[in-house]
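Some structures are shown below for you to check.
The two complexes that follow have chain A in common; it is paired with chain B in the first and with chain C in the second.
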Partner chain A sequence: MAVLEYREVTKLYGGVAALDGVDLTIEPGRIVGLLGPNGCGKSTFLKLACGLLAPTAGEIEICGGRPGQPATHAQVSFLPERMAVPVWMTAAQLVDFYQDFYGDFRRDVALQMLSDLHIDPALRVREMSKGTREKVQLILAMSRAALLYLLDEPIGGVDPATRDYILSTIIANYNPEASVIVSTHLIADVEKLLDEVVFLQNGQVILHDEVDHLRESRGMSVDALFREVFKC
Partner chain B sequence: MKWQFSSDVPIYAQLIAQIQTTIVSGTWPPGERLPSVRDLAAEAGVNPNTMQRAMTELERQGLVYSQRTAGRFVTEDRARIEQARLQCAQRQIQTFLDGMEQLGYTREEIRLLVEQETKGES
Partner chain C sequence: MLKKLLKQEFLATTRVMGILYLVMLVLAMGNQLLVNSLGELGELVRALILLMAMACGLATVPVMIVRFKQNLLGDEGYLMLTLPVSVHQHLWSKLIVSAVWSALSALMTALALNIIRYGSEGADMPLISINGTPLTFGGDGLLVAELVVLGLVGVCTICLQFYAALAAGHGFSRHKMLLSAVWFVGLNAATSLLIELLPSPDLHFRGNLMADVHQAVWLIIAGTAAVGAAYYAITVYCLQRHLNLS
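On to the complex of A and B.
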């Protein structure tokens, strides 16, 4: 069974289409890059998948259910682009908070990652730098044993060393039953990690293929292909 | 081992080439047990499915074999490793010759230059 299925999904904001007739299926065990220029619909795509938004038209199926329903929520781990946790909480309190909310939360994994990234569990979110906040949110999202991870630009605000750590965490966390969808502009950094890529432009899927197949058929990296396709 | 990737070649093909080098150079000796696909993927920073694909191809080439419960090992067939080493050498030489041809050297000039360059060595 597919982990994610979009059938003719359209999302209008006012009269403007953020997503326009998207058909897409993601199978289990895949790490997928969701790529495209600013405003192409990446974040809308992810918010629809986790049920934060409802489609204007079309159908979405996540792990066999509808997005946003409790049974679906329990299988989807979403890392939003913006900070979405209470800023007065400490990192340790956030770990408790997530454990209360999600049955699949792996406390030991979260604490290990906080320690690996030298984040003091007693530090309040309010007192954290922008990069540290992003790290904490990513730790919370990746510490769940979900079937679908939706990561909206998880590495944009962190230094290259942390970026490597985060990417290796995604690999170490790999589960053949689960899929990861990553939206990012840092294509060269994530390319080796991806099974397949989806190019979005003006809310439409203009390309969906395997990374190594693209490299073979086009003779260039996905990063180079992106620069060619979306040349300004 | 140190993993390096160029941008224009499929990643699984680069993984195969780098693991071949590791085996024919003896860094992974015959009969050595390999790390798990997941550990190798994490070390190289690549997708586990891509690493699996490379391993499947290396098995097909007879350079590694897997035992259902014990894991995956470098072949103990030294003749096969030697043959793979020769193929790696031939690829290196071909790359070198292509580069020299681009510089406009004839085969004879290349041979003389290599002789001069290696004189006194060994």
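On to the complex of A and C.
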């Protein structure tokens, strides 16, 4: 069974299509790069999958259920682009918060990652730098044993060394039966992780293929292909 | 999950409400020192402190409304609305916490007022009185309980009116706060119109004052709860179907 299925999904914002008739199926055990220029609909795609937005038309099935239902939320780990955790909380309180609400949360994994990244659990989010805040959010999202991870720009605000740690963490911490959808502009960094890529342009899927097949058939990296397709 | 939400709600709101109560008590106790040392200006200062202490008590509902907006319709909404929790549980947790804080605020305001009155003229008069005659509610404990229920239902309905307006306004892509204000005014007008159009209830006054008062209070509670239920339905609908986080 597919972990995520979009059937003719359209999302309009005041008459402007952020997503336009998207058909897409993601199978379990895949790491998928959701790529495209600014404003192409990547964040809208992820927010629809989480039930944070309702589609104007079409249907979405996620882990066998509908987006926005508590049972679906229990199986999906979402990392938003924005800082969504309460800033008055400490990292330790956030770990407790996640453990309270998610049965699949792995406290030991979260605490280990906080330690590896030298983040003091007693530090409040408001006292953290922007990069540290992003790391904490990613740690919380990846410490769940979810069926589907939806990561919106997970490495945008961190330094290259941390980026490597985070990417290896994504590989090390996700359940092989689960799928990961990563939206990012830093294609060269994530390319080595990806099984599939989806190119979005003007709210439409213009390419969905396996990374290995793309490299063979096009004779170039995903990063190079992205630059060619979306050349200004 | 409701218990876990309640725990988080109390954790988050205690920080603000605790400060408000502390300010109330400091103002009330500071009043004793200031009034005695300021002479004729003392009464003016006392009146100002009284107003400020009461404002702290009345701040409960605005605090709860801001909490709703930040927690569900702001950036925190990305976290809260992706928890394995239903919209109903979110709303009930917020309503229960609002009701509890409102009741506590009423008690704290009464305590602060008594501290402010201590040692002043008329301090021996009851806090709730008409021309010095204490309001005893006919010695009827049931009526007091009914008025408490009415107060709590009223607080929840006021909160729900703001929740409904905010949830509806935030369904739009732009001018969310302006459109929330428009929704609030619209809901107010619609509620007033509905009350005007509905036939007057057929009250059977039995010549027993207290029985008639009980009947009237329950009728007001039922009406307020019905209006609250309508606002609740609008809020749930908007949060489930028309959520439009930035």
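As a convention for this text, the second predicted complex is superposed on the first by the 231 of 232 C-alpha atoms of A that agree within 3 Å, B and C clash if a C-alpha of one lies under 4 Å from a C-alpha of the other, contacts with A are read in each partner's own complex, and residues count from 1 in each chain.
In this text, a contact is a pair of C-beta atoms (placed from the backbone, for glycine too) under 8 Å apart; a residue touches a chain by one contact, two chains touch by 3 or more.
Just so it is clear, the model here is predicted, and its values are computed rather than measured.
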First, second, both or neither for A:Ser221, with chain B first and chain C second: first
Look at A:Val76 in the shared chain and tell me whether it touches chain B only, chain C only, both, or neither; answer first, second, both or neither. second
Touching A:Leu52, do we find chain B (first), chain C (second), both, or neither? second
Is A:Gly15 touching anything from chain B or chain C once the two structures are fitted on A? First, second, both or neither. neither
Considering only touches as defined above, state whether A:Gly29 meets chain B (first), chain C (second), both or neither. first
Find the residues of chain A that appear in the contact set with chain B and again in the contact set with chain C. none
In the complex formed with chain A, which residues of chain C make contact? 1, 4, 7-8, 12, 15, 75-79, 81-86, 173-174, 240-245
Inside the complex, what are the residues of chain B that reach chain A? 5, 7-13, 38, 41-42, 44-50, 53
Seen from chain A, its contact residues with chain B in the complex are 29-31, 164, 167-168, 171-172, 174, 188, 192-195, 211-213, 215-216, 219-221, 223-224
Chain C touches which residues of chain A in the complex? 13-14, 47, 50-54, 68, 70-71, 73-74, 76, 78, 80, 82-86, 88, 97, 100-102
